[in-house]
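Dropping the structures in below, format is structure tokens.
Consider the two complexes below, in which chain A is the common component and chain B and chain C are the respective partners.
What follows is the complex of A and B.
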């Protein structure tokens, strides 16, 4: 999608991630081969410095898998991930740990991603100690600075996650991710578990932090209005592939892929008028175990033709910023 | 709000949960009416009491710890509160049906989906098995379940979330209820599936003329589906009016705050969130529960009880000083 560019914080090229390689005894006895699910199937994407790229798609499209592969929580089968020019997939041991200082992740459920037995201060101090970035005497001060950065009162330092609200927990999750001063953040549904008024507080905080710290971010979410609000560019995933990518305006105002068009049309509007539109998209996402031939969207596509069932579309550029993977895109 | 006799009339409903020494006031003085064929949207954040309200209408609040301490719920003229189990059974499913956020929790995992849809028809309508099956298949067809004959005998785990919600809707519609309670029916679903389910609910309502109470945390879902909106905060309805009035000219600062919290993509990167956190329902003071987070608050707000009262034609607000909002926006 984009060639090597010094301005890129993250570059993903031809990434493939597969699951389910395990084959049981019975399978082996019957001579069955393992069934692989290609959750991410040849994804290329770049995130520039100071840029937020939104990643949207429905359950099972591979967006979380992609985020986790970038963090090396999952190991890709093929492709490359470069962070600030360094290939992450070749890193081991200490080098990998050093890389993790530069890229961090914030998870959807702040409760299950925090240790219930540790206080906020202990959790943040642990990260700092483990990576040995600050001498021990400075850790207390650094923890206090982190709490202030994410808008948590100093007296919360001694609290455990159970006694914090959802919004406070997500602020702790953010403080932990920022503890090592990363340049790149993967945010996986960071506000999906929060109430609307708290969600708005966290989104404002993220915008502030991004501008203040110059962070590059991959913002994964299913809620399209939130993604549009947060992102400079947006990538749309369907069954493991990015089917459209462009500026937020390209994707939301001039969607070219029929899938993006139906996603955008499905967003409930904040206008108090009873809905009359018919749902654009019929049916559901096919199983990733059984990806359709040709264009993987053809089984649900209102514009599908013979060619779509046989030939996989290749990416084409509609403009310098806007790319789509479809045989018959809308060029408006 | 119209001259037609209301289908449902809830008046002064108070519900408490008692655990140990603590008393949580889950619903406080909740009153509204609903006419046949109309939809009331109930919007509010976690813990605002919207699900408790829905469940209490069908006697689904476990007691203890839950107690209805005051109020009345009249449906087609008859009182629902205090009905015995046999009386509730006659209402549930036949007159009032309910669908939930998580369809899996409403279905028995070891029983074929189709049989669960036809159960109501056998129990409430006394249909013979074969007739109930035929009717269930027709219902499955109506709610958009493909090849219903074949899928009748499948189990819940073989179905997707969207299909299970369709099954729940078929089950709810089986005995042609006059009122459907939908508690966050699309919250667990993807955008395009949510779109399909909302279209289905609107279509079924237009065809059958049933009334609907649609509970959601999503203001946009409420905007598109409801005739009237009740905004709930800390157990109270704080604003009640037509959908157009609530969205175009809100008269409670909490509603205004909710609308300011939603990204609108006007190019402004700042949202206007409500400061602070929802109050602890165990420690509510005598005054307005929203006073601590309200930008228009004054000392009186913390001590004066704020009851829902008319602030305009067919527009109720529990704000003591709604004129402060209009003054600020003028």
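What follows is the complex of A and C.
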């Protein structure tokens, strides 16, 4: 699956991100050692130029952590992240700042992702001025152009976030991310906090911008219907690992992993005869502090057998574009 | 601009308006003290000692014939100056240290919090008596003692607020935009951290004036001829049954200043709190 290819905008290889769970007084008294949560446990993924990869999974599966690790907000324990062939994890200071111009992020909650004390213009101008993208005299015009790009009226430049609607705020967040003209965007559930009617507008805007600006995107979401609308390829994540990856068609029409199948079944359908009768997934995601042995999905898997509780499955290719991590995938 | 000022004023709660108006009046009275009275706060007039309030001496005279009204007016300058310095000097570095500890965490946070525990546990009066023993009594003694101990409350407030702000998306966004840590802390997170400290500083201002007055009353504060309110109350105590006005009127000045500042604090909490709630 991993090809070291100049066509890849982003290459992640064997990425591990761990959080230290706090060791309390009682733990210390009982002689317990500090426990680590492996939020991302050996993930490899590539995003090609101009390609959108959807990353789906339940909350707590590590998808946001993965996005933040790419943005270097979190430091991974192991593995590598390469952006346009440059290893991000080795970058410091000025080099890291230069990389920031090529990869940017849009956050989930537009109500907390904008500084409440700054006007829209201040936010956008600060980015441009700090990175010296344009001479100071051009900044005002550039801010107006950015607002126009994301479909906002230039009159909103003087407003503070509290006077903007959720959709407007998310557009500002998008304008801020696009200010540096990045080639790669991480979108962390960019529409999850918005009304359904606004969601569609923002998604259409994203598709439009992607095609116009030639952006590569990692689109993180927990909702499959949203991902399907956006993505060329889809990766399904469960408890810190990618369990299935393929083209949107592979994943949605021929899901091979039992977890993906249950997610696909959970998509609401309009046409009654296409409704699935099999029950959707039962139970809760196990705690990432106690990842099950063998296949990490066996505690909830309808097809689980003895082997699944003991041996972790390795990735196998069902076709050139479709890979799955399961002992008993549906090969249909 | 005037429209913006008017809009801002319209949002002020009544307590903030009344408090700021009366505090402004007190400050102006202190500034224009020489024009508001014909007497000098230090000149003794032994022929007219312990005079009750009259048209000539509206607050009466003290045991050496000084005009109490004049001394209360000049006392505004001293008490407000002391209150201001003992509040806002510790606030400035308390905020800075607390915000840095909250954002950076790690050993800096640990060391600062242990230092803070020591400062909180240290008895204030013992410290001030030790400093007096070394340097002699005076306002500077109070300043030194307060500067050593009073930053703790601000450091705690700023640290706990910063712990919340640090995880918010706008701070993460500032980091992903490549801004250096100093810019993320001071330009982005800090303005959202200082509100609670500003509100608290109003209460602290009152407490510090009371503290200095109390210390002066005990003879640990300002030196004798200075017209400081607490010191004046201490002097008037000996004559409280024969000349009630010597101690009472400086006491009223303390109360009035305290009430004004409390009203401002209340109003600010309301004004800033309201604004913050609508953000979330």
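Quick notes on this one:
Here is the rule we go by: the second predicted complex is superposed on the first by the 313 of 332 C-alpha atoms of A that agree within 3 Å, B and C clash if a C-alpha of one lies under 4 Å from a C-alpha of the other, contacts with A are read in each partner's own complex, and residues count from 1 in each chain.
Heads up, the rule we're going with is that a residue touches a chain if its C-beta (ideal position, glycine included) is under 8 Å from a C-beta of that chain, and two chains touch if they have at least 3 such contacts.
No experiment lies behind these values; they were computed from the predicted model shown.
After superposition onto chain A, the partners chain B and chain C occupy separate space and fit alongside each other. Of the two partner chains, chain B is the only one touched by A:198; chain C is not.
When the two complexes are superposed, the chain touching more residues of chain A, out of chain B and chain C, is B. In the overlay built on the shared chain, the residue A:228 is in contact with chain B alone; chain C does not reach it.
Of the two partner chains, chain B is the only one that A:58 touches; chain C does not reach it. After overlaying the two complexes on the shared chain, residue contacts for A:262 are found with chain B alone; chain C is out of touch. The angle formed at chain A by the C-alpha centres of chain B and chain C is 80 degrees to the nearest 10.
Our summary of the superposed model lists a minimum C-alpha distance of 13 Å between chain B and chain C. Put simply, chain A uses no single residue to touch chain B in one complex and chain C in the other. Considering their complex, residues 45-46, 160, 162-163, 190-196, 198-199, 202, 217-221, 223-225, 227, 243-244, 246-248, 257-265, 269-275, 277-278 of chain B touch chain A. Listed in rising order, the residues of chain C touching chain A in the complex are 168-170, 172-179, 183, 187-188, 191-192, 275-276, 278-280. Listed in rising order, the residues of chain A touching chain B in the complex are 58-59, 165, 167, 195-201, 203-204, 207, 222, 224-226, 228-229, 252, 262-263, 265-275, 277-282, 284-285. Taken in their complex, chain A has these residues touching chain C: 68, 71-73, 96-97, 100-101, 104-105, 107-109, 111-117, 126-127, 130-131, 161-162, 173, 176, 180.
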